[in-house]
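Here chain A shows up in two complexes: once beside chain B, once beside chain C.
Take a look at the complex of A and B:
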C-alpha cells in the first residue's frame, strides 16, 4: 500500500483537487453529481484529453507543439473527404493515424534537425497546416460523414459507455506505459532534463525527439477523428485554440513546461478537472465571462501548488540529509 | 582559500600567479564583490571594504577585465560601456553625451572603432578593449585582468600590454592574472604566488628568472592518495590511436597512442584545449581533420552513439551539465547509457536497472546507498561515482576521464583512483585529462602536455615532476 502511495504521490494532488471540486459543485447543485452529468464531463474531456496525451510527451522533452489544433483540422478534412468518398472506416482511421504521425514528425524534424526553437517551428507550422486544411476543402465544410464511422468513434459501447471515452482511456494507458516503461519514455525525460548528458550517454536525441512529435501527431489525429464523428461534419476551422487547452491540461496535471517532468495520469486528470470546472460553472449558471476567469485562475493555482509541493519535497529532503 | 595575506602598491602592475585551482579566481571574486561571505579583511587606501555585490565594487572604482568577454552583442559599443550607468536627460538616455564620453575613452585607448558600432562586428581583442573602456568609464582606480590574452592574437596582445603600461603611468593599479610568464616579465613590477589556496610569496620581478616563479608555484603536497597500488600493467597493444587530429581554430596536430592497461594523461593549463580534443574524439564536437583508429582500425565517429558502439566512454568535466540527469534516480542514471541491456524490445526491465545499481552501490560504497535517490542530491564525489558506474555498466574498453576528481573530497578521490586502477588491470585503456598535477604524476603511465591547442611535450612515468610538466605547460 505504501509503495502505491509513493508511486502515485505526484498525481495525488490533482486527484484530491478534482474530488474537492466535484464535491463543492455537488453541494451547491446536487444535479451535478448525477451519473449522466459525471459521464458527460468525461465524454466532453475526450478531445482535450487526447490532445494532451501527445502534448505531454512533447513538453517532457522540453518542447511544445502549437500545431495540434491545425493538425486536427487537416486530419478532419482529409479523412472526412475520404469517408464521404466511400473509404472503409477502419482504413480511414488507420490513414488518419498515419497522417497525424507524418505531420507531427515533420514538426519534430524542423526542431531536431534544423534546430528551430519548438515554439517558433510549431507556430509557423500551425499556420501552414491551417492553410492546408482550408485548401483541401476550398474553405467549405465536409458534410454528411457516414454513420458507421461516427458510431465507431463516438457510439455507445455496451449501451452506456461512449466509445470516444474508451479511445481516451486507451490512449492514456498507452501513453502511460510509454512514459513509464519504455526506453523511449526514459529518454524523453532524460532529454528534457539534460539533453547534453543524454546525448553523451549515446542516445540518439534527434531521432527520439522526432518520434515524440510524431506521436503527438497521432494522438492529435485521434482527437480530430473523434471530433469529426461527434459533429458529423468536417470544418477546416475546427480545433482553433485547442492547443492552449491541451497545454493547460498538461500543466494543471503537473507537467513542467521546462521539460523533464510530467506524467500521463496527471495530464488525464488535468483534462478532466478543467472540464469538470467548466460544466460545474454552467450548471450553476455562472456567466460565461466568469468561466474564462475561473479557468485561468485554476491553471495558475494548480501550477503554483506544484511549485509549493516541490519546495516542500526538497525541504524535507534537506532535513533528512542534514540528519 | 586560507590565510592569504599580501598587499599591492598603488600604481603598480601586480601579477598574481598559481596553478589551476590555486585560488586566484576566488581572490578576484572577493575583491569584486562576487563573494561577499569571507573571513579576513580587504583594505583599499586604509579603508576597509566589504562589497555586497559587483556593482558596489564598480562604484568604488574597482573594475575587471575578464577572460570571457561578457557583452551584450545586440547593443552598440557605447551602450555596452555605459550599461547600467547611462547619463540621463530627464527620463531619456542622453545618447549624445554618452557617446561623446565613450568616444573620448576609446580614442585614449587607441581603438579604431566608434561608440556607435555594434559589438557583433568586433574581434575578440577589440571586445576586450571595451571592457577596459568600461573600467575607465567608471574611473576605476584598480583594474584586474584575468587571463586577458588567452584568446588574443600576438598583435592584440602587444597592444594590450602597451595599454596596461599606459594605465599604470596614469596611476591606475593593475592586478594581472596570467599563465604566460613572459607577459609577467614584460609588464609586471611584482608578482604574488598562490598555491593550494595559500599565499606563498611576493617577488620583485626584476632580476629573477622564470624558474624561480615556477618553483614557487609548484611543490603542492603530492598527496599520498594519488599513487598506484598495483603493479603497472600497460601492454604494447594499441587501443586507440589518434593521427593528426585537428579542429579549426581550436587544436591541431594531435597524434598519440594509448595502450591497453595504460593510463595516459593529458596535462596543461586552462585553455590548453584538452577537453576539446576529447570531445571531438568522442563525437560530441566536430573535427576538421585527422583520423582516429581503434584497435588498429580506422573509425569515423560523428556522434556519441557511434563512439559507444566503438567501445569509447567519456566521463565529462562538468557533472551537472553533462554527466547526469538531474531528476533521475541513481538507478536510472547508471542505466542511461546501456538501456538496450535493460530492455526487452522497447520495454524497460525496472528490476534489472535496480539490480545493476545495487551492484555498483556495493562496489563503490555509494552514500546514501539507495537506488531511488536522486543523483542531483548526492555530494560531488558520490555523483561522480554514479557517472563512473554508468560507464562501467556499458563495459567499454577505452575510457576518457575529464577532470575525474574535480571538486571531490579526498576520500572519494582515493576511491576513484582505485577504480581506475581496477579498470587498467582489467585490460582497459584510460585517457585522463587532469589539471591536478599530483594526480597526473601519481596515476599516469605517460603524460602528454598540451598548450593552446598543441601537444608540446611527452613525459614517461620516470620523468614526471611538477616542474617538468609546468615547464612544458607554461612555455608552450
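Take a look at the complex of A and C:
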C-alpha cells in the first residue's frame, strides 16, 4: 500500500485538486455527481487529453508544440476526404496516424536538425498546417463522414462508454510505459534536464527529439480523428486554440514547462480536471465572463499545489538528513 | 536560463489566452468595453446603432431614386471582408463578383476587388489592406470590419482623401457614410418567434452564444431574449453559455444541458456551426429538441433537408453584397442615401428549404442606365 502511495505521490497534488473540485461542484449541484454527468466529463476530456499526451512528451524534452490544433485540422480534412471517397475506416485510421507522425516529425526535424527554437518553429508550422487544411478543401467543411468510421472512433463499447474514452486510456497507458519503462523515455527526461550532458553521454539527442515530436503528431492525429467521428463533419477551422488547452492540461498535471519534469498520469488527470471545471461551471450556470476568471484561477491554484507539494518533499528530505 | 525565460513567456501567453477565451486577440473595442457584462443581454449602447435608425429597404430606395447611375471613367471599388475561412464571407465575395459581372454586361466600367484579413483575429492586417486601397486610389470602399473599432483610422484617411465608405454587415463603422445590412435584432426575434410558435408558447429553452466581437452577433441573443420576455412569458430560458463559435464545444454544452434539463425543448445557437454541433448531441440523446442556428450556410441547408437541424436565419450574403455595391454606386453618383439600408433576412425551415432565395426575399434586379 505504502509503495503504491509512494509511486503515485507525484500525481497526488492533482488528484487532491480534482477530488476537491468534484466535491465542491457536487455539493453546490447534486446533479453534477450523477454517473452520466461524470461519464460526460471523461468523454469530453478525450480530445484535450489525447493532445496533452503528446505535448507532455515534447514539453519534458524542454520543447513545446504549438501546432497541435493545426495538425489536427490537416488530419481531419485529409482523412475526412479519403473516408468520403470510400476508403476503408481501418486504413484511414492507420493513414491518419502516419500523417500525424510525418507532420510531427517535420516539426522535430526543424527543431533538432535546423536548430530552430521549438516555440518559433512550431509557431511557424502552426500557420503552415492551418493553411494546408484550408487549401485541401478550399475552406469548405468535409460533410457526411461515414457511420462505420464514426462508430469505430466514437461508438459505444458494451453500451457503457464511448470507444473514444478507450482510445484515450490506451494512449495514456502507452505514453506512461514509454516515459517510465523505456530507454527512450529516460532520454526525454535527460534531454529536458540537461541536453548537452545527454549528448555528451552518447545519446543521439537529435533522433530522439524528432521521434518525440513525431509521437506528439500521432496522438494529435488520434485526437483529430476522434473529433471527426464525434462531429461527423471535418472542418478546416477545427482545433483553433486547442494547443493552449493541451499545454494547460499538462501544466496542471505537474509537467514543468522548463522541461525534465512531468508525468503521463498527471497530464491525464489535468485534462479531466479542466473539463470537470468547465462542465461544473456550465451546470451551475455561471456567467461566461466569470468562467474565464474561474478557469485561470484554478489553473494557477493547481500548479501552485504542485509547487507546495515539492517544497514539502524537499523539506522532509532535509529534515531526514539533518538528524 | 533561456529555458526558464521561455517557460515564463509561455505561462503568460497561456494565462492570457485562458482569460481571453483561448483565442489570442487584442484590441478590444470601445463599444465592447462599454457593453461590459450586459452586452449580451441588453441592446447595444454604442454611439451608432443601426437598429435604431430609420433605415429603408432596397426596393424603396430604388423606386425613389430610379436607375443605378453610370459614372464617368473607369471605377475601381475595393471591398474588404473579415475572413474567407468563413463561408459567409466567401459567399459575400461571390456576390460582389456577380454584381460586377452584371454591371459590365450592362456597359458599366466598374471593377470590384475583394480581399479579406488573415483570420478574424487579424485586426491590424485588415486595417493595412484598407490603407493600401486608399493609397492605390480606389474610388469607393465597402468595408466589413472585424471589430467595431479596428478600421476607424482607415476610414478617417479615406474621408480625407474623399473616398466614400460603405459599411457592409457585419461589424460597425460609426463614421461610415452608409450602413448596409439586415436589422440585427430581428435575427434573434425571428428565431424566438418560430420557436415559441412551435412550442405553443411554453417550455424550457437554452441559448448557445459565441463570444461576440461584433454588434450583429451581440444583437442575436438580445433579440431572442427580448422577444421571449415580451411575447412568450411561458417560455423559460434556463441556460445561456458561450461555446466560442466552436462546433465541438457547442456539442459538449448541449450534452450537459440535455441531461441537466430533461424537459429542454429548444436550443438557439448564435451561428450554424455551433447549431450543427448541438444537432449531434440531440441526435445521440434520442430526444426531440428543436435546434435553430443563424447564417444559412450550405451545410445547414443540407441538415434541414435531412430533417436534423430545424431552422436557420439566413441573411443572404450573395444578395447583400450586390445591394452594397449598388448603394455605393448610387452614393458616388451623388444620390441622397439614408444612413441605413436594410437587407433581407428570413427563417429557413423544412417548409421553404427548397424554395429559391430570389423567391423567399422577393429579389428583383436593379435597373441599369443604357
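Going forward, the second predicted complex is superposed on the first by the 323 of 323 C-alpha atoms of A that agree within 3 Å, B and C clash if a C-alpha of one lies under 4 Å from a C-alpha of the other, contacts with A are read in each partner's own complex, and residues count from 1 in each chain.
As a convention for this text, a contact is a pair of C-beta atoms (placed from the backbone, for glycine too) under 8 Å apart; a residue touches a chain by one contact, two chains touch by 3 or more.
Please read these numbers as outputs of a predicted model, since none were measured by experiment.
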item	value
Which of chain B and chain C A:47 touches, first, second, both or neither	second
Partner chain in contact with A:161 - chain B first, chain C second, else both or neither	neither
First, second, both or neither for A:258, with chain B first and chain C second	second
Partner chain in contact with A:186 - chain B first, chain C second, else both or neither	first
Per-residue touch tally on chain A - higher for chain B or for chain C	C
Contacts of A:194 with chain B and chain C, given as first, second, both or neither	first
Residue ranges of chain B touching chain A (in the complex, touch as defined)	282, 284, 303-305, 307-309, 314, 316, 321-328, 332, 335-337, 339-340, 343, 346-348, 350, 377, 390, 394
Residue numbers on chain C that touch chain A, as the complex places them	3-4, 6-7, 9-11, 13-15, 17-24, 37, 40, 84-87, 90, 209, 211, 239, 241-242, 244, 246-248, 251-253, 255-257, 259-260, 273, 276-277, 280, 298-299, 302
Contact footprint of chain B on chain A as seen in their complex	181-187, 189-190, 193-194, 196-204, 260-261, 317, 321
Footprint of chain C on chain A - complex, ascending	31, 34, 36-37, 40, 43-44, 47, 62, 64, 117, 119, 134, 139-141, 143, 227, 230-233, 235-238, 240-242, 244-245, 247-248, 251, 256-259, 278-279, 282-283, 285, 287-289, 291-293, 295-296, 299-300
